[in-house]
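Two complexes are shown next, each including chain A; its partner changes from chain B in the first to chain C in the second.
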Partner chain A sequence: MSDHKQQPSNDSILNKSLTRRDVLRLAGTGGLGLILGGGAIGGLLTAENKRKEGARVSASNAEERIPFYGTHQAGIITPAQNFIYFAAFDMTATGSKALQKLFRAWTAAAAAMSEGQPVGDESGNYNLPPVDTGESAGLSPSRLTITFGAGPSLFDDRFGLGAKRPPSFTDLPAFNGDQLEPQWCGGDIGVQVCADDMQVAFHAVRNLARLARGTAVLRWVQEGFQRTAAADPKSGTPRNLLGFKDGTANPAVTNDQEMNKVVWAQSSDGPSWMAGGSYMAVRRIRMRIEIWDRSTLKDQEDTFGRYRGSGAPLGAVNEFDPVDLTAKDKSGNLMIPADSHVALARGDGSVQILRRSYSYSGGMDLKTGQLDAGLLFISFQRDLFKQFVPLQQKLAKNDRLNEYILHVGSAVFACFPGTSKNGYIGEVLF
Partner chain B sequence: MSDHKQQPSNDSILNKSLTRRDVLRLAGTGGLGLILGGGAIGGLLTAENKRKEGARVSASNAEERIPFYGTHQAGIITPAQNFIYFAAFDMTATGSKALQKLFRAWTAAAAAMSEGQPVGDESGNYNLPPVDTGESAGLSPSRLTITFGAGPSLFDDRFGLGAKRPPSFTDLPAFNGDQLEPQWCGGDIGVQVCADDMQVAFHAVRNLARLARGTAVLRWVQEGFQRTAAADPKSGTPRNLLGFKDGTANPAVTNDQEMNKVVWAQSSDGPSWMAGGSYMAVRRIRMRIEIWDRSTLKDQEDTFGRYRGSGAPLGAVNEFDPVDLTAKDKSGNLMIPADSHVALARGDGSVQILRRSYSYSGGMDLKTGQLDAGLLFISFQRDLFKQFVPLQQKLAKNDRLNEYILHVGSAVFACFPGTSKNGYIGEVLF
Partner chain C sequence: MRYKVVLPTGLLVASLLFSGCGQKEDTAADAKPTPPAAADNAGTAPASAPDFSAATKQYRSFAIEQCDLFVKETEKFTNAVKAGKLEEAKQLYAPARAYYERIEPVAESLGDLDPNIDARINDVDAAEWRGFHRIEKALWEDKTTAGQEGYADQLLKDAQLLRAKIETIDLDASLMVTGAVELLNEVSSSKVTGEEELYSHTDLYDFAANVEGAEKIFEILRPELAKKDAGLEKEIGERFAALKQELGAFKKGDGYVDYTELNQDQIRKLSQNLDALAEPLSNMGKILGV
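Let's turn to the complex of A and B:
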């Protein structure tokens, strides 16, 4: 391990013309900033069209609206916005009527906010509290998406939903090394709020929490960010707080067939009400960045199995070059260590998930005096126990990255299919 | 108090052509997004020039560099960026040599990062830890500014700086209602990092902390945001998390004379080393947003003394209309309550400060189950005890807003004058 394989060339995909395949992959990571609402996925656009679209969008990103209504919920295959404000709620009321009422109110509010409109009627009775809290007045929709899902605990007698529970939909099993803290786990309902503006995202969560008063309370929340599109004129794959590109291997969100295979629950999977929905895994992964920062570049690159600068697999040249797990150097050692993150996450390529993670920075950990920062890992998949669970079991056991990370939070949610203007989110449960 | 004064008209300054005075005020709030580095303040630009400049900037905000070197430090009269990452450090080493070495290293790093460059040489020895942590590689400078100041505790025997302490530069006195928590207070050195990209700001603090290893440790940090410029095409005054515009009354940063009166310490003030510097007050102000959200619009507007929608003073039409504290309604009651925030903060207009605050959202308060969100109040002034202290004493005693806010953190820093490429920040102390 003493001879490190320096990257063959400094060429980067970003300095070259994009191939069609590159474009599809970039779209999958949010790289091109395509505007694809939940229900707006049509056929496969040509690469040329997509590049034009990408250019248009990055110029006026924040003005864009992403429709709330559609076949699928927005915020799943939507290219990642700049910010997230994730909120997990617990129901305090019981009975299906209370839940339905909440879902109806949230649907109307989410649809309005996605259009940049305030919640409710703002005619302004001075002797009542304002219906909308007002901090996003005058701001553009900023590609706001609000994605709702039911946690395993919602499928119980409180709401008469026991029979609706998807087969084997439970909390995740314990993984090797987990150090979960209850304050970052679970929730009857999960709401993923993403936008290109943090104030717009904050406003959405706050107003949903307000509408839930008397029915549900916040259980935990987590703010997150990635580099803003404006700061990254070349629209590269975003980097995590360990300095490495994250999301390179995501499947192409513009490929319907792939999304049906990887992301969208199918009616044949059962239960039928989840058809067109998706299962979300959320893990709050703290990074031991002070320890990471003391490790050598060689260790860091061997840990990920990629070059830090270009994101290319070790031994390759460009970020999107094929990952060859059998390639060896002159001494006969594997170029990409078998216990590196990319080697384990990729495996034989048969198991895929759609990652949609954000970095978080939560001030200081008073116990250690170190930064509480890391990754709010989020992935969407058709089947948690066929995709995320076996993948994470493998990573938890052997991933070299485990030396530098700590899973402190965990939750799963069954994200409903989309709804139309005549319906409401979660309606399929009743 | 039963008849509320509805706003006379819905006209807003934003729908009308801007007067020169309007433009100056907008510039003071960051509304026009002018690029004015610390050392780049020349004469008064014409309003017309400023409007052109503003338009150019909002199109490519994130690409802009703000020079680190200059007569004054950047980040003080610089129009507010979208994000802040504030960091307070405590020295662990002693002796003026250690402090000088730290300041030199920080100066070089801050200057590089302000230009969008990595910290140190990136030639890449694979068997050493990387010099730069890498998460901002490929990102634009995003108007990054890094502003350094010395806390009162730095002026002691550890560094032989006892004689350099500015007269009466101490921690702030206790104010009525303060509920300060040690975890949000003080610091030997304060570093205000602002940028239009959160990842760029995070990267800067992390790398400064890394350079300080063995010399200084983080004492507390706070992330903050405001609405992004991209989400606010009309460039209005940003709103705080209570839904009201915040910063309307700021002095004009383009007016040298006003800045010399309000912001910059003068050599005649003493000590001479602070000439061209400024004193920074930082207060972490938690907002009881759940209680606020239950109050009527009337109560909210009477609390601020302004209309929520337009930001205009009660009884007036437009945001920047004069605040007439003597105006009365038909019943003979004051239009603007005497204990409203605007009435007390304005007073007779003789005391001004330059506010440069950000909203923060720090997850949930586990003790109360409510959101820990509010304002990271920051102001710059020529003299803390002639400007901020008397103002805050008045507010702490009588401000109607106190029902909805809680001061939980407090710190002050003497921000050095700017430095040139041949010098380093804080050099004036030695």
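Let's turn to the complex of A and C:
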């Protein structure tokens, strides 16, 4: 599938002899005749064969599998997968032992699932339910990532973690226009599950919830989607459900320095246990899409401050052209309205966050008959109150977009630093 | 209702009865899918496995005892219906059913008896609908006993038939293990949702009875489970306690409050406590070997 991306490696190719299986496989692909026809060509064929094997390994390693263990948790600067299944849990058990036990069990399961493995070994006992629920058997890992974070409520007196709470880590303040509904807010623990396959993502959440039974319960869940890689092979900036490109101004995740500045908490920031972790803001933002759909194109573009088609800032040509908030048209009006989404979100450019949002569809609003759809906004930042909060305060007050959106859900989680094979997620708390 | 369990030491005697994958065939197991023999496991079968004859004997006497009480209390109920005593019949309805709900999986393995006794409005063809819920609808929705005499007679006969048939049932440990989980699944699928007692809203009586029935099985098998997996035994014990404590908050007099008095949060919490219990309980099959 992705053979063309692979260069054959030169080492030891010519030394590799054909195994019986190679011969059978080549026979299957019509290559056997060539082998039988000329011995000297054998070396080249093994090279071809090696190349394919390399490609296969690479496809599963580099393209389908995101390592679970590492300095940072996966799923933060990981390029966004096609789907998300977000789950917020509340602990029902108390005491740090129960919490540690849960984190250990979740870590083992998450690491296994990230490798495309079931959550545990099957006993084969017909008198027992299977250990893994089975719906992802035979599926690729699909770039599954599972990212864990602690909500502010986890630092109350139930687990003896009061002293560990980062000083500024609390629930978000109320923003202008918030219409939060309790069923979409909060949670002791947030688990962001992303994958290129929805069934793989669902399987992960389901098995984590199952492992948590008796210790923690689901508080709320929300699935989300983006255009898939298959639908958008060029991997352009995804469009939100209002039809506009969303995420153009994200910082470069490949730039370590920038990530350290914007995303990763540093030990000097506060509690040392959060070093290498990141603070996540989650907002369930319902879009009034029926109203949006009857707004004029001019209105829509002025609202975002970008062209709908190209994604370019108003007055510019290409999506990634600089945003010039001072540019004026012939009559002296600002090209990009000062209360447009891009103008406010950009500001002076000094405050950045890493956005990792997905669209959601929650079925139908039974009261109105309208679609319950919108944005599951997710951002990661080094400090919620220095980055997300001032930004959102500004947007909540002035953003033209507010006419078309409604914040109904809100949660924040302190996502732990990553862990190694001998450790577990959240170990830094104990 | 509580039953004190005295475990005979004979329960712990090992025998070859349950070696390998072979399940003891019986009429009860016939109603359930019998696990296929697993070739992979044939070599790893334990040389000896526990003898559950004392446990099954104990459970059988429990089932018979419950069934005796069920017939007795059902007769009081059907007599009240036939005598046109509406309020008395309503009082007797839920307590009589509880004896049945404690041993439901046993009854379910006896063919048509379960639908005849316990079918809800759309479980069977309208023309065949009879039993408790048929009368329940008349008592609570139509507010009368009129026309229910025939159903009352039938119900008592069905209850007596259950009592007669229960003697013949060939219980085994596998039925007990799956039965315990089934009892909780009953709660999950119809009691928690308030669908079981559509007119009387006495769902919590059934809820509690199902849980008590499952707990009885657990108590009988508990020593064997403690030997196999002490952690699991402890966990299940704790979660029974947690669920019963949760249920206890809704006690009222000798029974329970009307299910419509519970708010969504309370119902969800009950449901989550139930799932928390049923998950480890579903692993009680460990005592059966592979």
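As a working rule, the second predicted complex is superposed on the first by the 366 of 430 C-alpha atoms of A that agree within 3 Å, B and C clash if a C-alpha of one lies under 4 Å from a C-alpha of the other, contacts with A are read in each partner's own complex, and residues count from 1 in each chain.
Everything below uses one rule, namely that a residue touches a chain if its C-beta (ideal position, glycine included) is under 8 Å from a C-beta of that chain, and two chains touch if they have at least 3 such contacts.
Every value quoted in this text rests on a predicted model; they were computed, and no experiment measured them.
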| item | value |
| --- | --- |
| Partner chain(s) touched by A:T248 [first = chain B, second = chain C, both, neither] | neither |
| Which superposed partner A:G363 touches (first chain B, second chain C, both, neither) | first |
| Partner touching more residues of chain A, whether chain B or chain C | B |
| Contacts of A:S410 with chain B and chain C, given as first, second, both or neither | neither |
| Touching partner for A:N318 - first (chain B), second (chain C), both, neither | neither |
| Which of chain B and chain C A:Y126 touches, first, second, both or neither | both |
| First, second, both or neither for A:V217, with chain B first and chain C second | both |
| First (chain B), second (chain C), both or neither touched by A:T92 | second |
| Set of chain A residues, in rising order, touched by both chain B and chain C | 124-129, 210, 217 |
| Chain A-touching residues of chain C, taken from the complex the two chains share | 21, 35-36, 38, 40-41, 174, 177, 235, 239, 272, 275-277, 279-280, 282-283, 285-286, 288-290 |
| Sites on chain B touched by chain A in the complex | 4, 6, 59, 61-63, 85, 124-130, 133-140, 142, 183, 196-200, 202, 206, 209-210, 217-218, 220-223, 225-228, 230-234, 236, 239-244, 289, 293-298, 300-301, 308-309, 359, 361-364, 366, 369, 371, 373 |
| Complex contact set, residues of chain A against chain C | 92, 123-129, 210, 213-215, 217 |
